[in-house]
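Two complexes, one shared chain (chain A), two partners (chain B, chain C).
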Partner chain A sequence: MCAAPMTTESAPAALGPRTGTLATRPARRRRLSVRAAPYLLIAPTVLVIAAVMAYPLGTLVSLSLQHYGLRELLAHQGTWVALENYRAIVADSLFWQVVGRSVLFTGAGVAISMVLGTLLALLMERVSGPVRLLLSGGLIFVWATPVVVAIDIWQWMFDYEFGVGNWLLSNAHVANLRHYNWFENPLQGFAIITALVVWGALPFLAITLYAGLAQVPRELVEAAECDGAGPWHIFWQVTAPIIRPLFLILLSLSTIWDFQVFNQVWIMLNSRPSSGYYLMGVYSYVESFRVDQFGSGAAIAVVMVLVLLVATFVYIRQMAQTGELDR
Partner chain B sequence: MRTQHLARAAAVLALALAGVACGTGGSSSSSSTQSGTLTVWLMNGSAPPSVVDGVNADFKTQHPNVKVNVQIQQWSDVTTKLDTAFAGSTPPDVVELGNTLVAKYGAAGALADVSGRKSGYQNSGTWLQSLTDSCVVSGKLSCVPYYAGSRAIVYRKDMFASAGIAAPPASMAELMADGQKLMAANSTDADYSALYFPGKYWYAALPFIWDFGGDIATRSGSQWKGTLDSSGSQQGLTTLATMVAKLSRADKTGDEAKQDQAFVQGHIAMLIANGWEIGVITDPKTGDPTLKDKLGVFPIPSHNAGQVAPVFLGGSDLGIAAKSKNQDLANDWVKLLANTKFQTQMATVGQVIPNTTTLLDLNKDQPLIGTFAQAAKNSRFVPNSPNWANVESANVLPDMLVSIFSAKASVPQATASASTQVAQILNAKS
Partner chain C sequence: MRARTARRLSYDAIGIVVFAILIFPIYWMVATAFKPGRDILRFDPRWVPAPATLANFSDALSRPFFWSSVRNSLIVVLTVVAVSLMLAFLAAVGVARFGFRGRRAFVVMLLVVQMVPLVALVIPIYLLLDGFSLTNTLLGVIITYLAVILPFMTWTLRGFVANIPVELEEAAVIDGCTRMGAFLRIVFPLTAPGLVATAIFAFIQAWNEYIVAYVLLSDPGTQTLTVWLAAFTTNHGTDWGPLMAGATLTSVPVVAFFLLVQRHVTAGLTAGAVKG
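Showing the complex of A and B:
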């Protein structure tokens, strides 16, 4: 068994049909229908997505090109201003701060949650049955907690006056946090918010990655062990390449989720966040529903869509390339 | 495998779009007014349930076949709900609006003009002036005054006595001196606040600004001028900042949402509070009933000894949605809640200030609640502009206070920037 050469590409290659051989078949009509089949299969999905997504997105874009205040909202009639809303937000220094903050926040959130999620998945793979049950039970509980309830609990835990988190850290002599306000300094406030977001994201990531790890053929790991590879090497050279597609999809999902974080900031700060806490979603909401400038709020949201599209485009390309290798 | 890639790509794309589309939306409201149903939105904590039941019972005798659906809304995100509700084709028929919000919705045309119905409301000749002013938008009566609330200082008589203070302070200087006595007498308590003042509590900062002749903004012609940086405003804020630094251990960046719960813990001697907060403090569930006999109330003193500082008159008005299909029914319901019978109950049961001066003395002999009604006699209001709600939304005043109290900016710096911001928002074309 140890004599077998270690090839990471062999496993995925064994999966799935070899589309290349189909092209050699003689019947022309058959070839056409085979070519059309994938598109036919995906058509219902695309249609539903178009129906559900195209309309609101179209409305959003058209809203972003209008002056749309409360009066216009009630009359259902805005004034066309072309790119004026975009010109205004681009010229606004606060907007660029918010974009930068959102990107940083997303980067930190995604990195931390992916690393912790992977570690948890690896742990779940190694522990005994009952412990694994306990661990996944705990994760499911976190997952099952409604977001708003979870945020309220976290808010109380780190409350200035009544926070049990502050009490615990003070009594454990970590630091004197009696009457300590975590949200005075946005950097510390975002540390709590990031912790909350990561905490909420971990169950899905850990359980999905654990499922992914189960796909890694046992014999490949054993072969690597025979070749004298350490755990670090095995993870990077054997496990990681096999679950790479899964990593990519989780990365893109995490990016999307973390980039549009709203509740965690909004509820944590009692619906009145100061501008130091604006992420793009929050800023867009404040512009729309607090300042009643729905046009400029929509413009911010459109920019958000574009940023996400650029970010996810990279992932999609990566995924497509991974697919090329799979053949 | 190509289909898989396409599907995966489409899925990721769809999720990206879904994520953003959801991120910008807020709560949705679904209020369907069927024929024969009157929908009423009241705010959390405004009318006691017994008053609402009473109004509904009287309404039932007038309109036996109409069902009244009273929904209680929360203050925190009410503007979002109101925006979406008014934009829809079936908004609630009757809405309670905070008096600082009326100008915005009135100017946008969301509220029915009730000028012609004014004489039909009981006591409309003696409505509280400040509430009536809040209802008048571009010369038209857009709502009916509902009730008012003003703030005064709630204090622990037992703590005053044990610190050797015989009577409540009669000037700001005495307030400061008494506060320091209390701090000295309780110096072993690291949680102690003689005057508990959370940093974002701008309603409680206004009396200090007004008392020294300052204001938020003044109007000359059609233009607003920010006056938070005037010398009066700066003097008031400097006085307050000194008090906060020496007498308060409240969160300098927090708001007043949990101040009653904090007061009940027993490490606070004085609190700037609304009349109804007495009820929260002494409630067996949310507070401590044994505090009842230990509480006293005095108006926020002026810096001129013997006088009282002007306070912000908060309150609510009742509006009828312009798009309501039940204008007459809505008006009948509003007439009931605004009449003498139910306003009397609002004062005695709800312990708020009723909408008419003729009922102001109802609670005169109540030692605690009476003081709040007296404090309301010297009351002021925020700039009456449709854009005022945007000043609140932009957190201009809380942010200014926080930066002063946490010494991030000096009083002149913080007030100059806040003043510019206020003027900018108030003068913006909506």
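Showing the complex of A and C:
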């Protein structure tokens, strides 16, 4: 389909698609060593992933079927309870609150960051050269900021006493926020956390969408303009259909990333979030490492992974349609 | 024509405002880091750090466990980069240069694994490493990071290797190179930019990671820089000046490196949906 994802100057992709691989060329005899070669090459990677990703994932599932508390932790041996942990969390109203909150938080975060990301990409297309350079430079700086650093910054900006954010909002007469503690009320606390998450997500979305917009043929837009279409129409009728695959990829990635938010809540609330701040990841962590109920913590984590599988499926299918998986 | 210029100017104005909003948090971190204490704790903020001071930096550097955290982070990051680069390169060549049964499954696996939340995995990983007495050791963290980073690295490097025309290698073989020789003389040097880019990516990932290090390294002597930084706030009353100085110091290596590889990260995650 398109050119390479990683076009380097030294490896011109313009030479056209590769027609085959060395091992499958008919001229070459298929010796055993050649057939074994790819397996040997991927073996170490497969081994590490199997040991530290796949095996623990299996352990997670089996853990969720056990009672595994502090005593079991010391003995390195849990007691089998079948679906008891799941039955317990499903009957727990806190669990459903957490699920609902996570879905809402993800929905809001994804929607806001996708809309703002698209607007930013459209803006970048319209500004003059120097301003575009300024914008993308700013975006890259934001993108490069480590998450933990970003959390500390936002915590400071909305410090209840000396936060510059409080000062700005007060002086813009939005509200009087002198000595205002945003985190007393989880709804307002999540407003700050969402702002932080969106701020961190915008660079990747905007820069990628901007690159995607560049693929929309100029002639199509001009033709639509000639026919008298307004900018709103042009975006929905011409641009949107062309960048749809990219849009779906970004949508699924954002969903996956926002649904597993942990650090932003945990560090922002000084490692002691009240239950009103629990998202799936936080809840599962607290159950495991604070309450020492690794079994039910694992059950919550399994539910989380299952929910994410849906988004992952969309992502993989979209990637497959770009033809990328078979290159 | 004039309407068009006016429109462009207004877009530029919006662009500059958006830039200012985006960059402000970072500016505020750096500005706070250079302010003396009395200018930090003010109801009416001081917008520029004048007079400037380095006191916050020296305070941050002399905090307990700062230097041990830097050392731990460096050990972890450099080991992870070196090992993962080697393994990922082998796997990338395997995928890009050979057709084999299970190839597609392997590629899909690389993508799926990247989507598994670490918050979920850290529970069994903790128990697993605890069984081997590898919690509170850097080795446990290094192994975990390897598994987290390898899929993306393999995926990205695969793109670089696949872009080198097989014909180049074949030409070398015709001219009398062995296959191994052709590989070392043609593929390896041409992949160098890709190796640098992925190495830097691994560096950033390992440097920034928080939750695995937080769970596995509870002893402050073994903790990494992000854990040190996050723990800054847990004491009652935060020293914002030193904290922002520490945050600035933590960001510097990452930002410097990131500027070099940003383009490749975007391309890797979205593949053929965007032209590189």
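Here is the rule we go by: the second predicted complex is superposed on the first by the 255 of 327 C-alpha atoms of A that agree within 3 Å, B and C clash if a C-alpha of one lies under 4 Å from a C-alpha of the other, contacts with A are read in each partner's own complex, and residues count from 1 in each chain.
Definition applied: a contact is a pair of C-beta atoms (placed from the backbone, for glycine too) under 8 Å apart; a residue touches a chain by one contact, two chains touch by 3 or more.
Bear in mind that the values here come from a model prediction, so they are computed numbers and not experimental data.
Asker: Regarding the shared-chain residue A:173, is it in contact with chain B (first), chain C (second), both, or neither?
Answerer: Neither partner.
Asker: On the A-aligned overlay, A:181 touches which partner chain: chain B = first, chain C = second, or both, or neither?
Answerer: First partner only.
Asker: For chain A, which side has the bigger count of touched residues, chain B or chain C?
Answerer: Comparing chain B with chain C, the partner touching more chain A residues is C.
Asker: For A:218, decide between first (touching chain B), second (touching chain C), both and neither.
Answerer: So A:218 meets neither chain B nor chain C here.
Asker: Taking the superposition as given, does A:292 touch the first partner, chain B, the second, chain C, both, or neither?
Answerer: first
Asker: For A:256 in the superposed arrangement: first (chain B), second (chain C), both or neither?
Answerer: both
Asker: Check whether A:71 is in contact with chain B, with chain C, with both or with neither, and answer first, second, both or neither.
Answerer: First partner only.
Asker: Under the stated touch criterion, which partner chain does A:123 make contact with: chain B (first), chain C (second), both, or neither?
Answerer: second
Asker: Just chain B (first), just chain C (second), both, or neither: which does A:134 touch?
Answerer: Touch partner of A:134: chain C, not chain B.
Asker: After overlaying the two complexes on chain A, where does the chain B footprint on chain A coincide with the chain C footprint?
Answerer: Residues 37-38, 41-42, 45-46, 49, 53, 56-57, 60, 73, 76, 159, 161-162, 178, 249, 253, 256, 259-260, 262, 270-271, 281, 284-285, 288-289, 297-298, 301, 304-305, 308, 312, 315-316, 319, 323, 326-327, which sit in both footprints.
Asker: Please name which positions on chain A make contact with chain B in the complex.
Answerer: Listed in rising order, the residues of chain A that touch chain B are 16-17, 19, 37-38, 41-42, 45-46, 49, 53, 56-57, 60, 69-71, 73-76, 159-162, 178-179, 181, 183-184, 249, 252-253, 256-257, 259-260, 262, 270-272, 274-275, 281, 284-286, 288-292, 297-298, 301, 304-305, 308-309, 312, 315-316, 319-320, 323, 326-327.
Asker: Which chain A residues qualify as touching chain C in the complex?
Answerer: 1-13, 15, 18, 20-24, 34-35, 37-42, 44-46, 48-49, 51-57, 59-60, 63, 73, 76, 120, 123-124, 126-128, 131-132, 134-135, 138-157, 159, 161-162, 164, 167, 178, 199, 202, 204, 207-208, 211-212, 214-215, 245-246, 249-250, 253, 256, 259-260, 262-263, 267, 270-271, 281-282, 284-285, 288-289, 294, 297-298, 301-302, 304-305, 308, 311-312, 315-316, 318-319, 322-327
Asker: Under the touch definition given earlier, write down the residues of chain B that touch chain A in their complex.
Answerer: Those residues of chain B that touch chain A are 1-10, 12-24, 26, 76-77, 79-80, 83, 86-87, 104-105, 107-110, 190-191, 200, 249, 251-255, 257-258, 261-262, 265, 389-390, 393-395, 398-399, 402, 406, 430.
Asker: Taking the touch rule as given, give the residues of chain C at its contact with chain A in the complex, in rising order.
Answerer: Residues of chain C touching chain A: 8, 11-12, 14-16, 18-19, 22-23, 25-26, 28-29, 32, 40-45, 87-88, 90-91, 93-100, 103-104, 106-109, 111-113, 115-128, 130-131, 143-144, 146-148, 150-151, 154, 156, 158-160, 162-167, 169-170, 179, 190, 192-194, 197, 204, 207-208, 210-211, 215, 226, 229-230, 232-234, 238, 240, 243-244, 247, 250-251, 254-255, 258-259, 262, 264-276.
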